[in-house]
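In the part that follows, the structures are each spelled out as structure tokens.
Each of the two complexes below includes chain A, the first together with chain B, the second together with chain C.
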Partner chain A sequence: MVCSVEGIGEKMKTSTDMISLFRVTLSRSLFHVSIITITLMILAPLLPTHVLSYMITISIFSIYAIGYDLLFGYTNQTSLGHSLFFGVGAYGFLLSVLHLKTDFWGSLAIGLFLSFILALIIGIISVRLSESYFVIVTAIFSNIFYSYALNATWLTGGSDGLSINVPTIYLGNISFSVYDPVINFYFNTIVLVFVYFLLKRIVDSPLGRVFIALGQNQERLTYLGYNIYRYKLLAFIISGVFTGLSGTLYCIRLRYASAEFFGIIWSILPIIWCLIGGRKTLLGPCIGVIIFTFFQFYISSLWTYYLIFFGLLIIILFRFSPIGIVGYINQRWGRQIHENSRNN
Partner chain B sequence: MSDILSTMIFLLINGLVIGFIITLVALGLTLIFGVMRIVNMAHGDLYMMGAVISYFVLSFGGNFFISLFTAPILVFAISYLIERFVVRPFEGNPTNTMLVTLGLSFIIQQVTLITYGGVPRVIPEPWTLSFQMFGAQYSGYRLAVAIISATILSGLWSFLHRTTYGTFIRATIQDAEVACATGINTNRIFTFTFALGGTLAALGGVLAAPITQVFYLMGNNVILIAFIIVIVGGLGSFKGTLIIALLLSILEGTLTIFLRPVEVRIISLMVMVLTLLLRPSGLFGRRYR
Partner chain C sequence: MKILETINLTKHFGGLIAISDVNITIEKNEIRGLIGPNGAGKTTFLNLITGYYKPTKGKIFFNGSDITGLPPYKIIQKGIARTFQLTNFFPEMTVFENIWLGINSISRKPWDFYHHIGSLKYLNDKVLEILNLVGLDQKKHMIAGNLSYGDRKLLEIGIALSTNPTLILLDEPMQGVSPEEKEKVVECIKRISVDKTVLIIEHDIDVILRLCKTITVLDRGKVIAEGTPNEISMDINVQRTYLGIE
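Now for the complex of A and B:
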């Protein structure tokens, strides 16, 4: 860790400098993330199964969260329709395993393709609309599909759901099964890291700059000659596909999917994750997932009416903490870094 | 043949009656959007609250008319407080306001679940009167619902067009900044309109309580169709909301002969999608960007 910040390490004197060390390592999150991931992967066989299962859930939700953050954080579009892509990803996998008898990768591809198609259709309909319309229209879509999924028991199994045997994964000559928790953990972590780096790459590319500009001032972007609808649609589709991926992985992890995957709660959760961790920071939503999944786990076992807590949390977060944990760290200590670099 | 005809007429009138109730809910949404440019996601829960209050009034020995007055007054007060303390801090940021009201909707639903319980209950119709119409037996209460809602709607119209305060509200709808510059206290108008919209939803809830089941999630279904209506008719357009609410409810009512309710809802969704693709601002809407 020290070697990574060697450049400023020589100038460290006070404790505030230690904090800026922390902040710099955070900004070099790629390094940080890889260290944590590698450590976890080495430790994985030693961990008890319930911890592993918890971490698998976290990596799946993190994929959802960072995919959603691209839309919600960077381009500042609030979609309430992402539960749709989550459910479609899960059912795309499940149904193609059940009925088409495809192998693992084929089913995964079908799940992703279905969520891509849906994201494309709903995106074309909704990205041209104004802010309020966008929220309502996406919410209407997910709500109607939810009630359809609840009713169409012949296809989805309703709220009882359907369960499957996940096919063995073949990768070249190697074959492995997700029934082994350690293997499943490795699989999900690798996918998460891959998705994280992919999104990081997108955000840092010129395309990502356009997304950020889109979130800040759409009109100015129009005057600069960009076709904003195309970029909005692109962000919507990317985030929809990653949501579909996370739905597929969740289905693989539970070996089960039910109509509840389409429920409104799955559209609210990513908003809460992004707000806790910090919008516009890919790392933030992951931190939000870790904190909130813990919280949700304990609070839902303690109190039946924990949805009140959901509602309160949304109001409190929007009111008092719109930038989230990573946002606070950046705001509080980010400036000192700038001052340090200016003094040097 | 006459059997089918009488069924058709029955469903037509039924659609019209439910259409009037939904008009009340959707008009509240449109009114709030027109004045404040925000969408109240907890609107359906204010509707549910009206029905639940009506149930409580009846269980404490009151009658239908008492609930027709207490529920709107209580919901007026509640939505007044909601606007003042929850929505007001987010003024000027429609998306955040919507998400916050969505959070509020969770809270209202769960509080109702705790106090009222999760079992759907049926409220008896206040009158046992029924009419013989074209060979179909029709309950008198449902016709009364249509008459009461029409009275409320015309009362709302004359409030907006015949009183000073109504003129203030219409001025704020046209341009809030200019209205503020001419000396209208737009903040007070905002709060009042929000509460008025909530009251309309609650009135809808009270009227709907004897027709449908009173259930803590009953708002979700209504808010969905109200959203579709408001989008097809054009957010902020009263005329559009009224016409589309009646037309769409009659369409849904007639289609339930052939299809299941979910499939009917999907057809309404198709109507909404077509409208959005052909006329994004709604059939009667002005252009809001």
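Now for the complex of A and C:
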């Protein structure tokens, strides 16, 4: 963490005055993220399986977390309906493999397409609502799907779920199978890095700035000539699709999906990830995922009620930093860098 | 040339008549003052023009085209900008970013998701231009929420300017501004009025008298007088409203 903070300092000195006019955030340190990722990927074959499994889960959840953060952190809209896209992404993949017999990429595309369509429809209905109604309506939508998935056992397998054989991935002439944990790790990490850079691009673009402004003052933005509902919808769709992608990858990893994928817990988890790590930073949610998944993987075997530890941790963390870990680091050191760049 | 014209503009809130049959015509490049006691309907009038409320009756014409009932963002895109009575901006963003948002909104691709914001020089140059105009170029790095009251008003005017409007509506630009900073705001309004039409709502009569050649007086939702500062101060209706002379 510390090294990435220094990273901004170096970058700020070399960057033009123009860039320094925009508020500095920690997520600038892409270079270090890449280094860590590449190191992990080189080390992957040497790691024990449970560590690999842990890291695969981190990758999948991180995609969910940073996609959700675009909506929750940047545009400041709290959705409790994202489990819907998570479940739809998973079932879109699973059902197309089972019934349509599509190949890997085809099924993945269907999963993503379904979450896109649903995000579009639910977004159009809910983005016009003010804050609390938005939360309620999105929560209702995901609950409708949850109830339906529980009851429609002929389609979803209910809470027992359905298992599949994940098709072999063909990439040109090369073929590989996600049944090999190392391959699976590579696959998920590459997708995560791709998603991260894509979202990074969006966040640093004019659109990203509008998203941030949307989170701060919707009225003023309207009176600057922005159709805010269009931008809210856009953020909703982007985050919905990435959530769908994460659901698909989770289904691929478990080779299984159940109605529980639609459960409210999958809507609450991303909020927790974002809050621990720090909203409005792309790195933050990933760190939230790393911490939470650590509890799920390692502490849970020590004691069934491990979430009590986690709850305590959250309370202590928010006592010292209500804006999360990365938010704290940004505030502590990011501002300082900001001041320095102004004096130069 | 008429830039803004309202015809029989009326707004009811339930039984309350906030604005009734207001006909105001604003000429191009003038600075018009809009005064009146509290609750006269000045801000409601602004909210009607910018689409925040839909009028109960009446029409609003801007540059000859009917803008009655359009959503706010479309009215802004047509070239009307406004400031707010209470400061209203993006408190956690820098001064630069605040202005940048307006410039971006009228750029060709406000939803550009590919280019880095730092690399779009043509946007950033325009931001600096406006910052120079309102006199905030030294404070461009500051977080907007940390500005003084006077500077906040300047920033508000800058944000209003950023969408390149032909008509600017200023809602009490002097409110809460210290006497020392007042001069800065007045100078700023003078500078921007060179090629823009300005409508100012203000309680500070001195400022109105210094800036405006024509003043409109509203009371209880009706226009009770309109004319030069001299005519207004002689007007019996205005005296009655302000001084309570019977």
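Following the convention adopted for this analysis, the second predicted complex is superposed on the first by the 284 of 344 C-alpha atoms of A that agree within 3 Å, B and C clash if a C-alpha of one lies under 4 Å from a C-alpha of the other, contacts with A are read in each partner's own complex, and residues count from 1 in each chain.
In this text, a residue touches a chain if its C-beta (ideal position, glycine included) is under 8 Å from a C-beta of that chain, and two chains touch if they have at least 3 such contacts.
It should be emphasised that the depicted structure is a prediction, and the values quoted were computed from it without experimental measurement.
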- Message: I'd like to know which partner A:Arg332 touches here: chain B for first, chain C for second, both or neither.
- Response: neither
- Task: Report for A:Leu207: first if it touches chain B alone, second if chain C alone, otherwise both or neither.
- Result: second
- Message: Looking at A:Lys101 after the superposition, I want to know if it touches chain B, chain C, both of them or none. Which is it: first, second, both, neither?
- Response: neither
- Figure out whether A:Ser132 sits in contact with chain B (first) or chain C (second), or with both, or with neither. first
- Mind working out whether A:Asn227 is in touch with chain B, chain C, both or neither, as first, second, both or neither? second
- Do chain B and chain C land on any of the same chain A residues, and which? none
- Item | Parts of chain A lying in touch with chain C, wherever the complex brings them together | 15-16, 18-23, 201-202, 204-210, 212-213, 216-217, 219-228, 231, 234, 338, 341-342
- Touching residues (chain side chain C, partner chain A) in the complex: 50, 71-73, 76-77, 81-82, 84, 88-94, 96-97, 100-102, 104-107, 109-121, 123-124, 140-141, 143, 159, 162-163
- chain A touches which residues of chain B in the complex? 33, 37-39, 41, 86, 89-90, 94-96, 98-100, 102-107, 109-111, 113-114, 220, 224, 227-228, 231, 235, 260, 262, 265-266, 269, 272-273, 276-277, 280, 288-289
- Residues of chain A that touch chain B when the two form their complex: 78, 80, 125-126, 128-133, 135-137, 139-141, 143-144, 147-148, 151-152, 268, 271, 305, 307-308, 310-315, 318-319, 322
